[in-house]
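In the two assemblies presented below, subunit A is common to both, partnered first by subunit B and then by subunit C.
Right, the complex of A and B next:
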């Protein structure tokens, strides 16, 4: 089973993102000598960590041919819950963090139940929960930033030295999560079921795989990832920000698509998503170092998204 | 039969009575960019107080998010249908709102822009707003004086390209710092050799932090950071702190929100130009009541004032202390 899927993966779809990233890095290295330093790369990793972790959840959902528009707002709500519980309610920080992750997981569960039990399209369901999560975030926080956090909430933003380079714990956590997701998707039955559901849900059901359970599980696990992203976001900015997450839903989908995962489901490599997130971060960083407006990063991102989807579409035709 | 006549008569009386009250009581509509931003919450507070004091009826509405022009147009149409003769609006999109405003004014409605102008500015009867150029000049002067003999290596964390408020604050800052800068009418961000890095923060803390981190990679020698608002300033401070440079670099900003003033008190922000949303709205309501009474419309631009708030005053630049700023700030104290 595993090998047949591997055969279907288009070389362009898998290698394309890596090549784009390498070309971009090579170009920026020629423009500014500061670009090619450990410190700068560590910085780019810190900057993409929040979107990167959200995008793991998003990748799982897109692999099942679904989509999650609510991810950024759910992440923001998780951050507000953690910070308010830890400051105003005075909960122990660890418990407050668990409550925040609990709330994002609950949203994942609601998304999943609406998709599997009532058979609503994921696009509509998550459009609804996007608005609900946004409203709850604003109402619960009174649109006020939550400050004066206990140190444990921001611990993931701390750094340790590898040689001269300062690396944040958040970066390490993101890389570990990617490693875990890569292993589970590639090596376990549950992971292969995610691909199978995305490829052909009906055929998958007929061979006896509980497709509804797989789908529900994917949405719930995505919610857990959003909760971890909440903590990363809080750790990075040092506050609970009710206005966080407003662009993260599309940024996460962009990372997934740039990374070569098919929006039609069933195909894609989780590490591609990390590369997709890094491409955006590298352009933002590199263009600033060149003294060029970051609007060009948005332009380049748009072009690359279309190229990535076109590559996917062409390879599908070729496979048929 | 008699019963029915009585009821009809009573109903007619109520209807007439109601109409009479509605005619005497001026109806004023306030449309903000969003419902939730503390700046606009404070604005609504100011409008509600003034309406209560003057016996006017206040309707409020907003776009769904910053930039939602259609939502503002819908709110305006509904308010005029509800009898509003004065509309106070903070335009989300300075150009796109203009046709809808023209329609309203053609019906005899007084339209006043609050906080930011329309483009062209004479699309509304009047504008009650902060002088954003002056807000920039004040923090520019402060930064220049506070820097003393150190070299000027400036990072600017701007709003986003093409927004007049972003350009006015940026150019005012350069002017106040004593550098060549475009005038208050320009929509272009001025460039000077002393500005080592310019980046867009979108007025957002996380994006401001990312922008500052990248600027630090480009120009680690930075000594002054200009920020479009206080969330961007908080992001810049985070980035500087992580790079171990928070002590030697001066951050200046604009807004005067309670969190920003607190950051001035804590030494994260050196100085900020405080603006007054409550006053903008109160003046707008008063103008609306006056229009309902006498038919007199205000015109042109009215400066609602801006004050430099700094924890450490510098010679030659007038500033108020953190306590004064806290008394007048908006948001959670």
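Right, the complex of A and C next:
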């Protein structure tokens, strides 16, 4: 009887992240009057852009019941490749950027091939490529920061004004990418097949969907997103940083999980991931404004992740 | 009982190393019937079904569909030829809606640019067709937009059967569709299988459950030692004699003529 009413409501897993974000914003607004300003929100969005774009790729992979531990390190390598190619090799900036994205895509392809062809668990594969990407980044850059970049590489860090608020082009790009991912996952057969593979890979194969191609495609596309994140990271910091990506690596997974996507695959919405990334960003920003030491921010993030996974686990039990 | 033959297999052989799973098996499915396939473990029942559904490629012998020879390299080939298979282990995507499950792998795109370039799905059309198909089969499920995981096991299997019936042009194969279900739920699926047959689609039903077989089968194909031991008429033969044929306690040549079908 009451179930027909319950059907119409989105499940708690979908609404939870939005509520958590609103509660966090309300709390920090009471703590510091600067929190609710347009400039501060724009800053949060800028801070979130790199993690946010990595997390799109991560969401795709987690929807297929996989995981990518290498995302941040691959992103760092992409940044080093595009900055070194543009400065030392003197490649035209556009070509250098494409080479950087090509390298991250290649890492996605390698991850995907190892998962689909050799059937290795994604956790182990990406733990391996995490270290490989880190080592190549350090070796190729000599652990040196790449500076004196051509302006095109940092163009996404430029801003334009909406009223009094300065918004970066990188923020706009991130929002556009979320819009595109939302559309593909929700409105196209390819997107629905990503969910189907995560839900029941065997049943999906039996209805005639090439599940291995879907999986491989997801890892490759995730690599493209990491490459775009490389460019955003370079644009934000203004340098090619061999030590980039170290917090983003786990922050991206955190954003996905906080956004309500199930680590067991097949459930979740991409906009939840954006909200998850914003929750992490809002907590960092809000706690900084309150003058709380950054180590407590890490502590809070850890607690949030465990709460989100526990909520996922409990809601799955309830569904069965 | 002399309806045309829809699907036929002649002298199928399948060996796995030293083991001969199929040793010259024959098979005939007629239009508009429910043909039960029974057999002890190792009788070649599942190898036969796998060959018919494209899950394995037989080493020898031929399969005819509407009189024309066909060769299935994969379940996808069989599906393209109009043969749909329902598996016992509830082969659905639980978190997706009933409508999405019905059209999984066969999605309908929007007409025009939205569909051709943006690859946009026509969710309204798929929903409307889902409702029509389910009403056609008298499956009483309220909403096609609810997730399959909100359904009972029997209802989930009804979704799988409805999907097969909706897309099969020639044959529906059901591999132990009621094995994972309780009594009431099993009966619900049996009723649905009967309606699929009544709509004109022949059904191959693999089952261990003798009461179910006797309740709905028009003919019973008994597999034994990699061959077809006999085809029986469930209206004439008793359940215990059927089991005797299946286990080898009764030789096929001792079966009374009127019990054969």
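Structural remarks
Assume the second predicted complex is superposed on the first by the 310 of 320 C-alpha atoms of A that agree within 3 Å, B and C clash if a C-alpha of one lies under 4 Å from a C-alpha of the other, contacts with A are read in each partner's own complex, and residues count from 1 in each chain.
Just so we're on the same page, a residue touches a chain if its C-beta (ideal position, glycine included) is under 8 Å from a C-beta of that chain, and two chains touch if they have at least 3 such contacts.
Note that the coordinates shown come from a computational prediction; the quantities given were computed from them, not determined experimentally.
Overlaying the two complexes via subunit A leaves subunit B and subunit C side by side, clear of any clash.
Look at A:195: by the touch rule set out above, it reaches subunit C but stays clear of subunit B.
Of the two partner chains placed by the overlay, only subunit C lies in contact with A:267; subunit B stays clear of it. Looking at the shared chain after the overlay, A:241 reaches subunit B, while subunit C stays out of its contact range.
Shared-chain residue A:206: touches subunit C; no touch with subunit B. Within the superposed three-chain model, A:297 lies out of touch with both subunit B and subunit C [touch as defined at top].
Greater residue coverage of subunit A by touch, when subunit B is weighed against subunit C, goes to B. Seen from the C-alpha centre of subunit A, the directions to the centres of subunit B and subunit C diverge by 140°, a value given as a multiple of 10 for the model superposed on chain A. Once chain A of one complex is fitted onto chain A of the other, the partner contacts of A:32 are limited to subunit B, with no touch recorded for subunit C. Taken over all C-alpha pairs, subunit B and subunit C come no nearer than 37 Å in the superposed arrangement.
Across the complex, subunit B meets subunit A through its residues 35-38, 41, 65, 160-161, 197-200, 204-206, 209-211, 213-215, 217-218, 231, 234-235, 238, 242, 259, 331-332.
Subunit A meets subunit B in the complex at residues 32, 34-35, 39-40, 43, 46-47, 50, 138, 142-145, 147, 157, 159, 233, 236-239, 241-244, 246, 284-285, 288-289, 291, 293-295. On the side of subunit C, the complex with subunit A involves touching residues 75-76, 79, 85, 87, 91-96, 100, 104-107, 109, 118-121, 123, 142-143, 146, 149-150, 163.
Contacts from subunit A toward subunit C in the complex involve residues 3-4, 7, 183, 187-190, 192-193, 195-196, 199-200, 202-204, 206-209, 266-267, 319-320.
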